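Each chain gets a letter, A, B, C, D, E and F, in the order it is written, and its residues are counted from 1.
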Amino acid sequence: MNMKRILDLWKDQQSTLNGWISLNNAFGAEVMAYAGFDTLTIDMQHGVSDYSSLIPMLQAIKPIPTFVRVPWLEESSIMKSLDAGVNGIICPMINSKKDAQRLVKSCYYPPYGERSFGPIRAKFLYKQNYFEVAKEETFVFAMIETKEAFENLEEILSVEGIDGVYIGPADLSCSLGVTPKFDQEDEVVFQAIKLILQKTKKYQKFCGIHNGSAAYAKKMEKLGFNFLTLGSDAIFMLEGAKKIIQDFHCN
Amino acid sequence: MNMKRILDLWKDQQSTLNGWISLNNAFGAEVMAYAGFDTLTIDMQHGVSDYSSLIPMLQAIKPIPTFVRVPWLEESSIMKSLDAGVNGIICPMINSKKDAQRLVKSCYYPPYGERSFGPIRAKFLYKQNYFEVAKEETFVFAMIETKEAFENLEEILSVEGIDGVYIGPADLSCSLGVTPKFDQEDEVVFQAIKLILQKTKKYQKFCGIHNGSAAYAKKMEKLGFNFLTLGSDAIFMLEGAKKIIQDFHCN
Amino acid sequence: MNMKRILDLWKDQQSTLNGWISLNNAFGAEVMAYAGFDTLTIDMQHGVSDYSSLIPMLQAIKPIPTFVRVPWLEESSIMKSLDAGVNGIICPMINSKKDAQRLVKSCYYPPYGERSFGPIRAKFLYKQNYFEVAKEETFVFAMIETKEAFENLEEILSVEGIDGVYIGPADLSCSLGVTPKFDQEDEVVFQAIKLILQKTKKYQKFCGIHNGSAAYAKKMEKLGFNFLTLGSDAIFMLEGAKKIIQDFHCN
Amino acid sequence: MNMKRILDLWKDQQSTLNGWISLNNAFGAEVMAYAGFDTLTIDMQHGVSDYSSLIPMLQAIKPIPTFVRVPWLEESSIMKSLDAGVNGIICPMINSKKDAQRLVKSCYYPPYGERSFGPIRAKFLYKQNYFEVAKEETFVFAMIETKEAFENLEEILSVEGIDGVYIGPADLSCSLGVTPKFDQEDEVVFQAIKLILQKTKKYQKFCGIHNGSAAYAKKMEKLGFNFLTLGSDAIFMLEGAKKIIQDFHCN
Amino acid sequence: MNMKRILDLWKDQQSTLNGWISLNNAFGAEVMAYAGFDTLTIDMQHGVSDYSSLIPMLQAIKPIPTFVRVPWLEESSIMKSLDAGVNGIICPMINSKKDAQRLVKSCYYPPYGERSFGPIRAKFLYKQNYFEVAKEETFVFAMIETKEAFENLEEILSVEGIDGVYIGPADLSCSLGVTPKFDQEDEVVFQAIKLILQKTKKYQKFCGIHNGSAAYAKKMEKLGFNFLTLGSDAIFMLEGAKKIIQDFHCN
Amino acid sequence: MNMKRILDLWKDQQSTLNGWISLNNAFGAEVMAYAGFDTLTIDMQHGVSDYSSLIPMLQAIKPIPTFVRVPWLEESSIMKSLDAGVNGIICPMINSKKDAQRLVKSCYYPPYGERSFGPIRAKFLYKQNYFEVAKEETFVFAMIETKEAFENLEEILSVEGIDGVYIGPADLSCSLGVTPKFDQEDEVVFQAIKLILQKTKKYQKFCGIHNGSAAYAKKMEKLGFNFLTLGSDAIFMLEGAKKIIQDFHCN
């Protein structure tokens, strides 16, 4: 499934499944690529990766469409990730219109933004002239994960070039005074999640969320989320190991 | 649990659980170290590791007792793994008395063998003079995994310094003309496994085996195996990812 | 000695010895861990490390309490270092109240700050719920090393969440117009050092300094410094090599 | 040829040839060092390198004078590159006097700037006291590559400590509404290039430009450019491979 | 073009072009993959790669069919390369029937050989059961590059499982007393090359050779060689750099 | 000082000082290169290095003459180290004439040996045709460190191409039944050391030894040793750290 097909599904109100890569290991990433996710995301924020492991991981994953969660709203991280050929950026802590505009400026070439030209790996991955197609081939997710972002949501959504929002349930919980966790059932956070989704739809943009379980992801799909992250490589490894030990002792 | 405790359990006819590390990633190894295994083994034969990733992985795992499966009966691999401070060596393809003697020679200092002295990391891990204690602190598993080894088993077991045997069920299957798999139920292979165990016990040595499931490991424990490997990091990751996707679709 | 014990000693007006790691090498870091320091600091500013070497070095050093000197007052460096499980941050060039507030915001979760939640390695290192204990388990040193910082010192010290100050004698010298060096005896710089210590004590916070020799460190201890860095791994290596060559020629 | 000799040539209105390194590979960098360039530049912006590969590459290249193009106007990247011992910095996107001043502040020690002192590798490369000579041993290129920079050029050039400008023809093209390419012949861009050169000369500073071909570089030399970049390692590899395949098929 | 297609061309007496990778760099390898070669070979003998760089390079290159030249006739190198998923092995210094038999034993599972089972990455790359297809999916080239090998050629060719021979013209020259070079025109060596080709064809096996130029490769194609290596990544880079410098000076 | 100068000194019955590198770190190696040793040796046997760290370390050290202690008498390790451009090989455990002959065969091109031609980095380091000069530019030390080697010493020394012997005092001690240490004063070992030196001189070859202190090295120089290793990088680091801590507590 290529990125165009993903977008078509989303436009058709369908959802896709995203795998989350926290380890900085190219072979581990390739293992994740064989699991059956529609897209994969390399987490450079809370995952163990930095730029030195990014390109080998992207090479391992190809040709699955790939996102990077950059560590922060930093021009250099966004630029180097896009040059490396990712299909999209998930940027943490977009809390205001100004943040959203800086993100957009970093992601697109003139005249839409101020990204510097030098697509060292990206230029190999696109058949046509990369400069011409870069705008439409780059998907930009703003993370909505603070009270401030929640309050500024419509202003953020109105920034052209922001293609969707991605909810970080743990940070959103913290910011709303609730203990952070995935698959949040706390009413305050849950209402916020639903409201974010509703406003995002109003602006005809796409909405993603991190899920800890298949059941919660299913629930989110029914609400209308398009981009559903399921667990992470490190969690699968740890939980798998714990479970087989436990199964042994219960056998 | 330290290595001495592991050996005491084995001498007491009890079993311990071993985690298997195929990925060459220090953080992944540390995740495995938090799962609850009694020992961990870094697989330098069929796993993705080589010496360049070994020391960071051992550092990540400490203080859990650790084995290395070396890639082959090669002096340099054995020597460098022991210098790195592992508690024991699992050596593939020990098919004859001569192989077993070469393995022993590589693992122990004079007068027991011909290991070269220079325990660059090992010397930090042992309180007493490492040279004095190295013989008793080094555990040597010969892998019995071919028809030839099976036929020469008693000769191999009679070599002093071989502390145990580790069964590779996949290779043993191949060698006996059966399609390779873990948790082998094929009668020819299964009989061979039981016979290997029985002879190993006769020589008062310890016996380990690789298992794909908790249920099969339990069965092996009941037969009398001491050292039970359960799955591997890469398998936990892949199976966990596949399962959550499947659960999503079945939800 | 764990971090709690370190803090108890400091509260009791005692000092501890800190080793400084400039090389980006996990085995070198482990060698430093066997030398006998109370804490170790990985220098990501002027040392050769970046994030790609950080986690292997932390794994090598464990369980010794560890600080990171981040390269700059950057949210991403601070966040990733804390997620990696360090006990504290030493942040260079905190020159104003605004800098100190930004540092505090980056180091603590809401409601104390705006650190993003995702403690990939830190969550394994703390027995209790990491979110609950993160505030008290994170130690924040502001580096006072410019004339501007010196002038704004009380404002910086009054920021809640700044737990101590760390003096960079070389940069402080530069900024005061003196040729940079450790173990500074220049009167202008020395008076500044004493004044910084005195004001830090007034705010009941802790004070650290980098020392080139045991003698100078002893002098600093007598003045009342709590956190005494002694030399660095690269310096020990270079000076040891030079000395043995010189000893040979003088023999 | 050392850096002093390079500068003497430039002062004498002569040009030198610069090799451009996009790959993050120490042996590849050493191969480039044997090709015959006067200087080499490691591209940390659009190249594949980050800090983790920088020092090995600098070691491979020595003693050829070396520049780093930093990824962005970021204090940490500039500081760590200079500490690593490079002869100069090429900083992208210097668009205003304020940008130029921040760049200068990052590159020089007090009293000329606010660079933090700790030249971990640089101190080995200079015979004299590094602190004393750092100002004159550090060459600072501001990249002029946007319409905004073009408009603010004289203000940028008037900032003391900016030693030269480096033209990024691709970004300059984008910013002027022209499809990005090297060896630009578009009249709007070409006029801009000439005007930048002319104003730089007026301020008695040096001017460099990236070229895709020897012919264009020759043209730029005739215009008066001093610092001529020719192609890049990745391009040589790709074009060489394509050419030999084509030659085979045409043979 | 997949490996099956390559073999079909060879059976049809046609030739394919092979790129040679000497650098240990995943991005460099991917650049080579975009150049248009039919197959690529990672040189672990005289190239800069070892196992630690192999898997990232294979991931970068996929899905182009890939060979590894192992450093020596060593079980561990052959086994780990095959487990990594390469399509074939080029093994240096096969000088006798005994060498050829040891090579074959290392490359195939029982009952054809004694390769140990554990295809960590290979199992993902083949749709069918890897164990069943491994024999036919593994291509084995013996390098004929000494006088001794030349004398034992028919015995080597008669070993079942040797699928082809690959001529190392430099070593063959040395061994025949001629200064080593590619594109050898020396009569003694050239006659040897033709005789090797002729005997290989007699045994209905395939023949490859390393070429320094398109013209020589064309000549080899006309003689009947199937597998034509053209230059190498490092040579393209060095020659490209030298040529642009020379072109500049001649312009 | 280049290798030619080293050899001239040895021929003139003088000694040189060799630094020993156990860490796998390019910057650490460069620090050692600034200390003032005449030569440096990278220890791939008991040190932490393997091939993946070798080339960056050689690049860091250049232009100081460099030896590699290979992990074992293995063709691939010797070949790859020489291709990387080292000035000589120190090979452990040369116990017989047969071992010495295999070592010589691995180190030299035909007609002197059977080294395979492909000097990927070495070819850049020598001005003349590398093939022509390789024999005289390659220095081969056989390690004499077992009772067996001691008994076969004259046979080993009589092998043409063995340029010197290097004594491993720790292994020699083990083999002679004495607890291993450097700076051995035990009479049995000391007599053996003197006899090895005497016989080596008789064959007009050079003799080296590892020393833990300047005093012992001086003693060895007086006996007539040419190549004196002093300590190691890791020891300097550890001892320097321990000493400054101790000095602090004694101050």
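Keep in mind that, in the parts below, contacts are C-beta pairs under 8 Å (C-beta built on N, C-alpha and C of every residue); 3 or more make two chains touch, one makes a residue touch a chain.
Since we're looking at a predicted model, the values are computed, not measured.
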| item | value |
| --- | --- |
| Fewest touching-chain hops separating chain B from chain E | 1 |
| Common touching chains of chain C and chain B | A, F |
| Contact-graph separation of chain A and chain F, given in steps at minimum | 2 |
| Contact-richer chain pair [A-C vs A-B] | A-B |
| Rigid-body rotation angle, chain E and chain D, from Cα fit (steps of 5°) | 180 |
| Recurring contact interface, reference B-E, options B-C, B-F or D-E [over half identical by residue number] | B-F |
| From chain B, the most remote chain by mean C-alpha position | D |
| Of all other chains, the one whose Cα centre sits farthest from chain E | C |
| Between chain C and chain E, centroid-to-centroid distance (C-alpha), Å | 53 |
| Computed distance of Cα centres, chain D from chain C, in Å | 34 |
| Whole-Å gap separating chain A and chain E, where each centre is the average of the chain's CA atoms | 42 |
| Where chain D touches two or more other chains at once, by residue number | 24, 27, 31, 34, 48, 50, 52, 55, 74, 120-121, 234 |
| Contacting chain pairs - touch in the sense defined above | A-B, A-C, A-D, A-E, B-C, B-E, B-F, C-D, C-F, D-E, D-F, E-F |
| Residues on chain D engaged by chain A in the complex (per definition of touch) | 22, 24, 45-48, 50, 52-53, 71-72, 74, 77, 92-93, 145-146, 168, 170-171, 173-175, 177, 179-180, 234 |
| Contact footprint of chain D on chain F as seen in their complex | 26-27, 30-31, 34, 55-56, 59-60, 62, 120-121, 124 |
| Residue ranges of chain F touching chain E (in the complex, touch as defined) | 50-52, 55, 74-76, 79-80, 83, 109-111, 114, 116-121, 129, 131 |
| In the complex, chain C residues that touch chain F | 17, 19, 23-25, 27-28, 31-32, 34-37, 48, 213-215, 217-218, 228, 230-231, 233-242, 244-245, 247-248, 251 |
